[in-house]
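One chain, subunit A, links the two complexes that follow: it is found with subunit B in the first and with subunit C in the second.
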Partner chain A sequence: MSAAYGKYLAIARAAFWQRLSERAALIGRIAFYCLILLVFSCVWRSIFSAQEPLGAHRKAAAHAAGDYVWYLALTEWIMLSQPTLYLDIESDVRSGDIAYQLARPLSYVGGKLAEGVGDLLLRMLTLAPFGLLFARLFSGQWADGRGLMLAALVGVMAALLLLLCYAAIGLCAFWLHDCTPVYLVWQKLLFVLGGLMLPLSIYPEWLRALAQRLPFASMLYGPGQLVSHPDAGRALELSVELGAWVVLAGLLVLGLERRGRRVLELAGG
Partner chain B sequence: MAEARLHRLLANLGFASRLVSCQLQASFALRGAFWTSVVLMLVNDLIFFSTWWILMARFGHVGGWRLDDMMCLYGISAAGYGLCVVVTGGIHDLSRRIDEGDLDAFLTQPKSVLVQALASRTQPSGWGDISVALGLFALSGKVHKETVPALLVGVLCGFVTFVACGIVMHSLAFWFGRTQTLSRALWEFTLTFSMYPPPLFGSGVRFVLFTLLPAGLASYLPVELLRHPSWSALGAALGGSLAYAAFAVWLFEQGLRRYASGNRFNVRG
Partner chain C sequence: MTAAIEVVELRKCFSSRQRAPGLQAAFRELFRPPRLQHVAVDGISFRIARGERVAFVGPNGAGKSTSIKMLSGILHPTSGSAQVLGYTPWRERRQLAYRIGTVFGQRTQLWYHLPAADTFALLARVYERDLSAHRRRLEALIEALELGAELHKPVRELSLGQRMRCEIVASLLHDPDIVFLDEPTIGLDVSAKAAIRDVLREQSRRDGKTLLFTSHDTGDMESVCERAIILHQGRVLVDQPLEVLRREHIRVKLLTLHTVEAECSVDLPGIIVLSRQPHRLELEVDLSRLHVEQVVQHVMARARLQDLTVSDPPMEQIIREIYGRASRAAEAASNAGVGASP
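Coming up: the complex of A and B.
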């Protein structure tokens, strides 16, 4: 049993070190992280300074703007840490390389997920200090330490769920050949219904009600809200919710791989 | 001398239009891929713009810019960028071609290397950007019979600036070698900034946006033509874009003198 886990752990470790050597991609993500936080800090500052132009309220307005910047820093941290796992799986299926990998004494999708986890952890560890730095710099304030801790813990769970979703999208290549359209639709739904750029609390009522009934909100809005509203009970609730989605997504991934292998065998490998 | 230059310019423009027409026919031939790209880009743009719709619905304005102003700004930016990738889709690969010595095939032809390299590809997704831009212009209520010429000039300035910016960023490869990731990132940063209203940024950032990342020339000056039409706005928008384009062509020609062949045997029909 432990030997089986050892294989996946070794793959995750190898992926971690391999991605560490690809510095240009990491620097690109860090630069984009900086840019998006800079732009949105300007947006929030402009909005709140117009709302509360005078006196004591101005300080409260600056604080509120800062909260939004920290929210974005957290949601972007989760999104930008995601490896492009769906592209790797799609490429294996399209090129036929998957036929060689299936012969290995380990699950194909398990190996890919282990690789993705290594990559994901590296990115999360690399982006986290930059996220703290940029958010502090552009918001002019520190976030609550307890909130950050809770948000980071729930954020890691949300990132793992996202990784499983990307694996499921990649496995669609067994049937679709090109999964980019599925990925783009998923990504856009996540942007809007998950509250990537803007917290759902400022959405119109009907859109917020819709978004909160879907799993996207627990992936981004949930952890993002914890930064400025630290609540251990809410964090636990979110973790249970995300855990349930992880189990469901895991089952979906296994089901897709099993069905996909049948299609592959029918096609002659 | 001037006559010869004009003759060469007209010959290159004629050649470019025939090259672009061939590329467009080729992209229309793959109907499924063409429409998928167009529709996905359209959805992508609409979802991105929904951020502004949500913000304006909640706060009314951002830095004095209302939803109709944002529609014009986003429209100018999307139309300019869309035209750029439809007409000069080869711009994405320019730094790679330079770095890998892949311009050899163009050097053997009697026409401009730059025109051939830029017009050697088209990206159908650009039609999605253009469609969204047309829809936003129509919804903004700022486009009517009197402002159509200003709109066309504005879009043309955006288009010229995006092409010129791409040439400048990708020409870095002549001096620094493998800059593909950096060049693309700088170009995309320019696009990103061009979609946010200028009052958001302080004077330091604004200086960068009119020099290193010319988002100001790509959308801020052109959109002023629509918001506050005047001869000075026209002069600033046209003068800025054309001067930047002249600089881009000059830089590419300087770089081309340093170009090293990839010693490849390629034949282009």
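Coming up: the complex of A and C.
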């Protein structure tokens, strides 16, 4: 690997070790992950048992509730692994720190993304075993191994796309100074149209059709449904879809950085 | 000597949004916000030779940091030109970045939760350094700045002085030709300041590094630099070697006299008694009215001298006086303008 790219790898590695030293934050995330899976597993168990109260159906209902827990474990794994990249970029822009970082021989946004990737990787690796453990405990069943494997692979791609989206939100600080409103709108759309807590399959037909045309569904619902419906063809299709969104989001991030830097060069840090 | 930095008529204006009071104005400003132009750097020109150590002096808002930002390629000027090591900084920022080092006293390039040693290893990658050359240079800098065990502690556990020494290492590690230092000793104690000043001076003398140094502490300037560029309201007020600066702008001398007698009265015009203690007298002599020799003779006629020290006023006082004169001249010019208007 050339030295020009090696520096970004070194930044990702430093970010990985830096986050590893923040144990309290990691423990907090794991506790939240556990709590959310526990609450939703109780909710779904009670919904399904109310719908299917009798004999053999009860077993099927428990199984369906278990699938939902595994679905949530996967979508929350992607969400909770996300570093708050938009806040880091916003803080750099607002404090003027970005100006000083430009005096180094590397791309500002490239460095931030590398930092984000290191951070993301650490969180994904830390949360994954706990996700498996909690989902098994609260659902009372194991998910299909192949499904988990496919979902995890596509999930990593989805997390990278999400990271790019967060970078784009953070770069809006050049014009807005405070990105929280953009982030909140984005987050609500992602929760609703991405199917964070409920799979899109239970949405009304028109809403599902709309959601599936947007990138949100491929970030959460797509990898989530692979856990209980392992399908290599669908996984490949999703990967291509995510790849296309990654290219588009990458171009958006580069464009925003270039225009933002121009603002900075003319207006100061 | 070839120039490390050459600046010609460099100017930077910022425009900021103005807000008028009232609801009507608020609505109007939604569509056409009024903007106010502010000149931060107003046509400065200077040339700095390779290996020179120059202090950039001025009060807050004089344009020091804006000038350094333009010279390191972070800001585009409104007009004028600058060459730093043959590069136009704002056009060739990335190439220039390999050859300059920066220390901004209130910003950090160290990773907060990691040991400084990890940041140094990362910087070797960022600046694409040969690893064995990097190790040698790191060892030399660690020795010069007396950093040892601190290197392996997380940065958050270091004192301000230790952290600043690490910042200096980080800025010199890639062996830059020019180092821009913006208040590198801010908030440090005497020994930390001295260590940093020694290393910077030594690096410049031995390796020919050019230093451009801004600080509110004139001690930094006196112990590291050989020339001062004094800025005032975005313009160069004085650009002189420190020696010349002292010679041309010193209007007073400080005299400390130790006498056998407990009391000694001095009543000469042009003298201010700064402090009076038994057997000790501190005087400020106005050189435009008196010679030091006259004062000494005057005292010797009244008391027996045990010891005598003659010194220059501190650089801070000299600079304060230069600013005072500039402000008075500006005021006089504006009054003359008002008087001349019909």
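The working rule: the second predicted complex is superposed on the first by the 267 of 269 C-alpha atoms of A that agree within 3 Å, B and C clash if a C-alpha of one lies under 4 Å from a C-alpha of the other, contacts with A are read in each partner's own complex, and residues count from 1 in each chain.
We adopt the following convention: contacts are C-beta pairs under 8 Å (C-beta built on N, C-alpha and C of every residue); 3 or more make two chains touch, one makes a residue touch a chain.
Here the structure is a predicted model, which is why all the values come from computation and not from measurement.
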| item | value |
| --- | --- |
| Combined model on subunit A where subunit B meets subunit C, clash or fit | fit |
| Centroid geometry (CA): angle subunit B/subunit A/subunit C, rounded to a multiple of 10 degrees | 80 |
| Touched partner set for A:Met197, first subunit B, second subunit C, both or neither | first |
| Touching partner for A:Lys188 - first (subunit B), second (subunit C), both, neither | first |
| Which superposed partner A:Ile11 touches (first subunit B, second subunit C, both, neither) | second |
| First, second, both or neither for A:Glu22, with subunit B first and subunit C second | second |
| Touched partner set for A:Phe32, first subunit B, second subunit C, both or neither | first |
| Which of subunit B and subunit C A:Ala99 touches, first, second, both or neither | second |
| Shortest span in Å between Cα atoms of subunit B and of subunit C, once chain A is used as the common reference | 12 |
| Footprint of subunit A on subunit C - complex, ascending | 14-15, 40, 66, 69, 72-76, 90, 93-95, 97-98, 100, 102, 104, 107, 109, 111-114, 118-119, 121-122, 125-128, 154 |
| Subunit B residues within the subunit A interface of the complex | 36, 40, 43-44, 47-48, 50-51, 54-55, 57-59, 61-64, 181-182, 185, 189, 192-193, 196, 199-201, 205 |
| Touching residues on subunit A, where the partner in the complex is subunit B | 24-25, 28, 31-32, 35-36, 38-39, 42-43, 46-47, 50-51, 180-181, 184-185, 188, 191-192, 197-198, 202-204, 207 |
| Contacting residues of subunit A [partner subunit C, same complex] | 3-4, 6-7, 9-11, 14, 17-18, 21-22, 97, 99-100, 102-106, 264-269 |
